[in-house]
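I've put the structures underneath this note.
Each of the two complexes below includes subunit A, the first together with subunit B, the second together with subunit C.
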Partner chain A sequence: MRLEVTADKGVSILRFMGDRLDAHNSDDLKAKIKELFAGGAKSVLVDLTEVRFIDSSGLGALVSGFKNATNYKGSLALTGFQDQVRSMFELTRLNRVFDIYASVQEALAALSGK
Partner chain B sequence: MGKKVLKLDLKVPNQTRYLELVGRIGEDLARELKKEGEEKKTLAQHLNVVLTEAMANAIRHAHEDDPDKTVHIVISLSDEELMIRVYDHGPGFDFDSACAHEPEKLEEHGRGIYIIRSLMDTVVYRRTRDYNVLEMWKKLR
Partner chain C sequence: MTKKGNPVWRKAAGRYPDVSEIDDYTREIATASKIQQSLLPDVPPDMRGVRMACRSIPAHVVGGDYFDFFRWDESSLDLVIADVSGHNLGSALIMVETRSVLRAHAFRSGNAGDALAVLNELLYDDLTRAELFISMFYAKFSAETRLLTYANGGHNPPLLLRCGQQGYRGLDADGMVLGVLKGVEFEEKNIFLREGDVLTFYTDGITESQNDSGELFGAERLYQALYAYRGTPPEAIIEGVLKHVHDFSGHKALQDDISLVVMKID
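What follows is the complex of A and B.
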């Protein structure tokens, strides 16, 4: 698993490079999101395109990121949901909490205007 | 339990790096079931999730991340139902408070048992003098 960060139109795009986001690697994602906000990022987009499996720890890392966004007066959005990821968000009702976009392009169009 | 089809008995180091292996075993097991198409795919995903959550729970909460401990997992499959038992040794975890998770509260932790209970038909946590066991059943008919 690797985390790749790029910036486009004022949005920090954090790409999770790995097919499984679980208790083994979720702390890395959590720390990276926090690092981005602490470093001054205002808008962070987490791209989960490669993720075919997420567990409760992965969801927890994103909830932590959401709280960081609030604390730093920024915003956190998500994109690239595969079937299993979408169903886990629905099961835990976290789909009602996060801004979720169908693609990076769609997210950038929405977020760069904010 | 109906006619037994297979039984898997796994002893896995108490380390999160083995979650993927155990989860994949659950997914592969779904291929043995008499289900078709989307139903089979969904069940495969659910078994991956349930095994991952149950093992992570034993690693983190019951065994407190001690890498020298072992998580014992037994999976029994019959033509009527699937049963998964995940054993832990030690103080165990507070099943009742784990069951009290409220999705509306935006907590970072505490979704594991909620997810398992949502995906399986029956979930109990039994404590004995020698071990604790999280037992999970799913009807297959």
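What follows is the complex of A and C.
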């Protein structure tokens, strides 16, 4: 797993490169999101396109990111959901908490205007 | 547990622990595991009109699964099943806290939705600090009327197999995992159960078990296993499901805690 950060139109795009987001790597993602907000990022987009499987630890890292976004008065958005990821968000109802976009382009169009 | 993955060793600042420290740590974890397992019911309460069985298997020495029964009188019972995110020592500590809060606020008079709403408020700050959340399903059952009322905090919907019918119904209701937002309202739903119905509460360790190709066991395979054993007593149904999960996942170690509670209506 690797985390890649780029910036476009004032949005920090954090790309999770790996097919599983679980207990083995969720702490790294959690720390990276926090680091971005602490470093002054106002809008963070997590791109999960490569993720085929997410478990509760992975969801926990994103929930922690959501709370950090609130603390830092920023926003956290998500994109690139595959089927299992989408169904986990629907099951837990976390799809109502996050701004979820169909693609990076769609997210950037929406977020850069904010 | 590897040295790298163990916070105790990381804190040791460049020093390798000696054997006695490893022994102490292992012993303490073993004690925690023993205590945690003792907090889960061994057997469900006896109640006329319903037969039940339960089982919990942690993936690691300690885990975040929790289930409990609150028997109010000879015909009414609350049943709760929950899963704290992650499956490590932190999850286990929050599981113990959840159990204490739940037991201290016995919800006899309230409804299932209120029970989840109150728990969400009570646990929110601690869950935020721990960076964890909980999925929880809360059900109230009357053996006299066979009415089941329930609310769901983002937990896997229990599977209901109606007697004499094929297929299953997942019991879901609107809500949200606990510890994410404050002020969440939880919908409460009702359903009358019938003689011979089998209702199975479970945690996602079952449905997220994987085979060598990374395929998930899923709710459909759980249903197939339940359907195959539906005519047997609840304890045998649990054994049957665990066998199906084990056959499916082969030699792969358990990735997540597994808990199952099976209710069969007489």
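Following the convention adopted for this analysis, the second predicted complex is superposed on the first by the 114 of 114 C-alpha atoms of A that agree within 3 Å, B and C clash if a C-alpha of one lies under 4 Å from a C-alpha of the other, contacts with A are read in each partner's own complex, and residues count from 1 in each chain.
Rule of thumb we're sticking to: a contact is a pair of C-beta atoms (placed from the backbone, for glycine too) under 8 Å apart; a residue touches a chain by one contact, two chains touch by 3 or more.
None of these values were measured; they are calculated from a predicted model.
Engineer: Superposed on subunit A, are subunit B and subunit C clashing or fitting side by side?
Structural biologist: When both complexes are placed onto subunit A, subunit B and subunit C end up clashing with one another.
Engineer: Which holds for A:Gln105: it touches subunit B only (first), subunit C only (second), both, or neither?
Structural biologist: neither
Engineer: Could you tell me if A:Lys67 is touching subunit B, subunit C, both of them or neither one (first, second, both, neither)?
Structural biologist: both
Engineer: In the overlay, answer first, second, both or neither for which of subunit B and subunit C A:Asp55 touches.
Structural biologist: Both subunit B and subunit C are touched by A:Asp55.
Engineer: Looking at the overlay, does A:Thr6 come into contact with subunit B only (first), subunit C only (second), both, or neither?
Structural biologist: neither
Engineer: Of the residues on subunit A, which ones does subunit B touch that subunit C also touches?
Structural biologist: 22-23, 53, 55-57, 59-60, 63-64, 66-67, 84, 91-94, 97
Engineer: Which residues of subunit A touch subunit C in their complex?
Structural biologist: 22-23, 26, 30, 52-53, 55-57, 59-60, 63-64, 66-67, 84, 91-94, 96-97
Engineer: Which residues of subunit C touch subunit A in their complex?
Structural biologist: Interface residues on the subunit C side: 83, 85-88, 128, 131-133, 135, 154, 156, 174-177, 179-181, 204, 208, 214, 216, 255-256.
Engineer: Using the touch definition up top, name the residues of subunit A that touch subunit B in the complex.
Structural biologist: 20, 22-24, 53, 55-57, 59-60, 63-64, 66-67, 83-84, 87-88, 91-94, 97
Engineer: Within their complex, state which residues of subunit B touch subunit A.
Structural biologist: My answer: residues 16-17, 19-20, 23, 45, 48-49, 52-53, 56, 59-60, 103-104, 106-109, 111-112, 114-115, 118-119.
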